[in-house]
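Chain IDs A, B, C and D follow the sequence of writing; residue 1 opens each chain.
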Amino acid sequence: MSRRPASIYWIGFSIVVAALIAAPLVLPTFWARLLTEILIWGLLAMSSDLLIGYTGMVSFGHSAFFGLGMYGAAAALLTVSPPNLWLALAYGLLGAAAAAGFVAYFSTRLRDIYFAITTLIFSQIFYVIIFTWTAVTGGENGLTFERPLLAVPGLIRLHLTPTNLHWFVLAVVVGSYLLLRRITQSPFGMVLQSIRENEARTRAIGYPVERYKIVAVMLSGLFAGLAGVFYALQNEFAAPDFVFFIVSGETVIYNVVGGIGTLVGPIVGAAFFLLLREGLSRFFTEFYLIPVGVIFVAMVIFMPQGLLGFMRRWLNQ
Amino acid sequence: MAISLQQILIQTVNGVVTGMILALVASGLTLIFGIMDIVNFAHGELFMLGAYVGVLTLAAAGSFWLALLSAMVAIALLGALIYVTTLRPLLGRDPLTTILATFGLSLILQNYALWQFGPVARKIAEPISGHFTLFYLDYPWYRVVIALIAGAMIFALWMFLKFGTWGIWIRATTQDRVMAQAMGIPVPLVLATVFAIGSGMAGASGVLFGPLTAVDHAMGLDWILKVFIVVVVGGMGNLAGSIVAAIFISLLEAYASLWVSPAQAVIVSFVVLILTLLFRPTGLFATATR
Amino acid sequence: MNPGSGAAPGAVLLEVDGLHSFYGKSHILHGVSLVIGRGEVVGLLGRNGVGKSTTLKAIMGLVQPSEGQIAFEAQPIIGLPAHRRARLGIGYVPEERRIFRFLTVTENLRTGLDRHGVSKQRKKALLEKIYEFFPVLVERRNQAGGTLSGGEQQMLAIARAMMLEPKIILLDEPTEGLMPRMVGQIREIISVLQAENVAVLLVEQNVPLTLEAASRIYLLEKGMVRHHATVAELRADHSIIQQYMGV
Amino acid sequence: MSDVENVAENAAPTRRRLLGWGASGAVATMLLPAPWRAAFGDAKPYKIGSLQPLTGVAAVGGKTALVGIQMAIDRINKLGGINGRPVDLIVADDQSKPDIGRRAVEKMVTEDNIDAHVGGFLSNICLACMPVWEDHQLANMIGVCLDTTLTTTKCNRYTFRTFDFAPAQAVAFAPYLVGKLGKKWHIIYADYAWGQSTRDAYTREIEKQGGQVVGSTGIPLGTADTTPFISKINGDFDGLFGISFGTDGTSLANQLYDLGLTKKYKWAGDGAIAESTNLPALGNKIEGFVGINRYLPVLDPPLDTPANRKFLDEATARLKKIDPSGPLPDRYTQSNYEAINALKLGIEKSGFQGREDTPKLIAALEGLEMKEGDDFPQGDKTLRKEDHQAFLRELLFVIKNGKPHILEAVPKDKTLVPPACSFA
């Protein structure tokens, strides 16, 4: 991507964004809504790409950050009256940041599969707490709430309809993408990539590797929390299932399917997976997970670089 | 409330029995991980399919022990098939890809079982129905028998690994796959065998555990996380370590359930896991064994 | 000078022709060719990173060359997996020795010994013979390989390769990191191998040892055989060695 | 009559195939017209959506529930439809996960344009989907979801529950528990929202009857080996009361028996533990269990009606086709079957033509009286206006020789609890 002239990149980028802006106006309701959801899951996947693709740390704990963002938003929407969107955002990010800080402090001391397992177990601890603390979190039932108004004092006061929520989400995802892209290309991002390539050498050069890793996990967690807040806003509920490790697993899957270390790859992966599941479930109401599994295994074996890598190689041929 | 000595002793028995079953499931997983760097996410599904093979054999032949044997053999063959078709192409790639591929496999196997065997849970009748008195409880002999069988199977595996030619080959392959190959060890065959053995152990555990609960397509789910914890705490690939860890964690959870709210007792094992990873990342019992 | 020419004395055991190999994107071997006769000790010299170890690995089948041919006893072996090559009679002693650290000395030896078609008596005889060559190992036979000293590990690595009853042993820097006292022992072992009619392809940094042990030398530079000569020729003209070894 | 039966037998596999391979009801019917289809001419079908867990942990219940739904719809279509219009079924799988369920419901509402929804199995998924019914103003007949809050604190104008819930069961069961079995109880419950709220309901009612709950043991959901939890249970009390369901319920019952606890104490609990689909996996270990359930697959009084015989026979035949072990219908088959019929009554009463008539439909469903018969083989029931919660006859039963035997039928007016709902 970086080799190609920048102008082509930006033209492509603008076309995609323009198409996404227009999408809810032309797509049928369900597909427009699914697109919004894909963007949200894509944001979650993209956030973990910062760790998987750029720092070489595979997190199986992103469900915790996602879930805490969700429950944080729920807390704001349920306790503060009238429900305030910005407060929901603030609470959600705060929740995710707290969880990420906690997880980062411990898990970054470990590497490779051990890091993955620690993050997984931490997210399970959050899951158990949320699942059993029924009085506060609603337990298995989760929490339901209403969408707040999109209001900026003195400027706008809008009801969040599926369409303007889509644009809102799109703006956030595009903004996050540009920000994450900037981060990965900044000196900070370079250090992360050098940690991925050779941690010992990076440490030897004199970088405080642990501190960089902690910041990376927290940043990643913050974006995951952002995705959680928007999932809560779109669906008007928070449930412990989203903190369960399967969601983290799916996040990693989106990354691998789309192509790690590309930021857009994970979004493509999320889109592919959600559409695949949606499409197949229309043909095999009961047993569509079997073909989903088969396709997925085949992709892991035959497309090691993910969809994006595969497409790139195919285009280059 | 005060905890009586009786309760502590009962929980000790529970912890050891549960721990042995856990150890049996974990032994296959740790073998597979230690030797092939494959994190087998579908291990719980092999456990479940083993239980179903047990159900079918029991219905056809009426013998529990035959069911145990046939589950072990059938799931071992299935394991070999899975290895050859799905995992061999991933050899040498990031262990992450094996997690993902086996995750996909677990989707396939679980839904295949649902399709093939229907949704209603089945039963495996225990071969031994007697009880003995354990303080205020009637304790079933079968539980003790499971623990013993599990112990015997793990011991047999250990003997096999320790003394047989294949055992040496397997251990050599664990330590240095490339050098093993250069020594003329048929590594691809060794790996397929290991995966088959690990799967067979899972299949057998499914039959052994079946009588305690019900056999259904989702029964593997309850195990997978706990088994992973055991494998990590024991030191990945360390067979003896996993056994000690399985008993250790089961005991800990059993004792914990005397004091804290039960749902939070599982957090105790999470905490042990994290402490282990932080302070002894190669496993709690790494130096003692192997 | 045409590398690869200068046929080996006696029957050809191993012939490597035009080997190319990549590691990731970097081109390591640029067409290595060499020939080794039965029972012959051949040295492979060159600076660090010129592809000596990679050549050995390619012969063993641990590295897949992108181009080129390898024939062992006149049979092409290029597609064979490493363990099949080992069974054909190629022993490998890698640079880092790569002892199975958690296996005992006996178990280490059994990795190569326990193969099909070897009778119990034969196995016993082989093991006894090896213990005769390496008395140090007898004392340590039930000790884990990882607990042995560097020299002992080197002995074990060679002994282990010999359990395959190989026709050739690929020795990669056997003296590296050993005490000078041990270097002499390695030299002795090579002559023992020669006496057993086992060919040796010796990769070394230790030029005097190589010149002493080998009969012919290949000199590698940038992934290519740049010079090939008998030991006598090299003894006569020291500048060649200096040119390629950069001493 | 016998002709009708035959049609049903022939039709069943066709419908099942539709379910397996058909994308949506609409597409499927074009491919494989059902035998009765011709009778309706050009009449536009009513589209009824049904969200069920067909895969994942709750698949057992979802599949038996779906059998009830399909049975009811086939029967309606055979008998001339509703208001002369056929009924099309659109099924979606939620994989036992709320996000997937929510998405599937959105699809049924916006893509398939369903007119009403009957279904929902797991309470958390029912709750997650509540906003959809409200946003799109669609009637939602719950099929299985048992959580108390669905018709109390989280009640919703569009959502109806045509079967019982835990507070009513506790009211119905407590007199028997305290009067016939014992004064002091220990409750074992699945430690999550439903288990906890059900535990509280029983504690309240047992104490109201002069009994006492001396202790309780929670068991985390998905615990395969409950022994460490239940072997703590000891002391001076008369009975154990279990609140669990599905595989967890099976594990619990098996292991309580194994430890001799069901011999030592009286053993009673929520009927979900001894649901007919659980019985094969329990064998003789559930003998003597006293439970409460709205429906049992038996023909003993008061269920010795021709309507129930017909329901039982057909449901058994259909279930055999989805599960080779041949389970008997459970309460999920029954409640879903009846939920469709309740909706049918509502549609007939209100002249409902499509989504825009939902307010009329709601008005017709509020206070709906359902009479025992072919539509409602379980018995009479009333759908209360204040909270959209139905009250119906409860059956107390004991398991003997591996089968439930009815001990007592509690009439529906002895199960009443005050409404605790205010529609927004």
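Note that in this section a residue touches a chain if its C-beta (ideal position, glycine included) is under 8 Å from a C-beta of that chain, and two chains touch if they have at least 3 such contacts.
Owing to the predicted nature of the structure, the values given are computational and were not obtained by experimental measurement.
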Contact-graph distance - origin subunit B, target subunit C: 1
Neighbouring chains common to subunit A and subunit D, by label: B
Highest-count interface - the chain pair sharing the most C-beta contacts: B-D
Distance between the centres, which are taken as Cα means, of subunit D and subunit C, whole angstrom: 74
Distance between the centres, which are taken as Cα means, of subunit C and subunit A, whole angstrom: 52
Gap in Å, rounded to a whole number, between the CA centres of subunit B and subunit A: 33
Rounded Å distance between subunit B and subunit D, as computed from the means of their C-alpha atoms: 36
Junction residues of subunit A - those touching two or more other chains: 128, 131-132, 286-287, 289
For subunit B, residues that touch 2 or more chains besides their own: 110-111, 114, 261, 263, 266
Overlap residues in subunit C, where contacts from two or more other chains coincide: none
All pairs of touching chains, each written as two labels joined by a dash: A-B, A-D, B-C, B-D
Residues of subunit B defined as touching subunit A within the complex: 39, 86, 89-90, 93, 95-97, 99-101, 103-108, 110-112, 114-115, 225, 228-229, 232, 236, 261, 263-264, 266-267, 270, 273-274, 277-278, 281
Parts of subunit C lying in touch with subunit B, wherever the complex brings them together: 60-62, 81-83, 86-87, 92, 94, 98, 100-103, 107-108, 110-112, 114-115, 160-161, 164
Residues of subunit D touching subunit A in the complex: 19-24, 54-55, 91-93, 95, 97-99, 102-104, 106-107, 110-111, 123-124, 127-128, 130-131, 147, 149, 154, 191-194, 196, 220-221
Of subunit B, residues touching subunit D in the complex: 7, 10-11, 14-15, 17-18, 21, 110-111, 114, 117-123, 125, 131, 136-140, 142-143, 209, 211-219, 221-223, 250, 253-254, 257-258, 261-263, 265-266
Contacting residues of subunit B [partner subunit C, same complex]: 165, 168-169, 171-172, 175-176, 178-188, 290
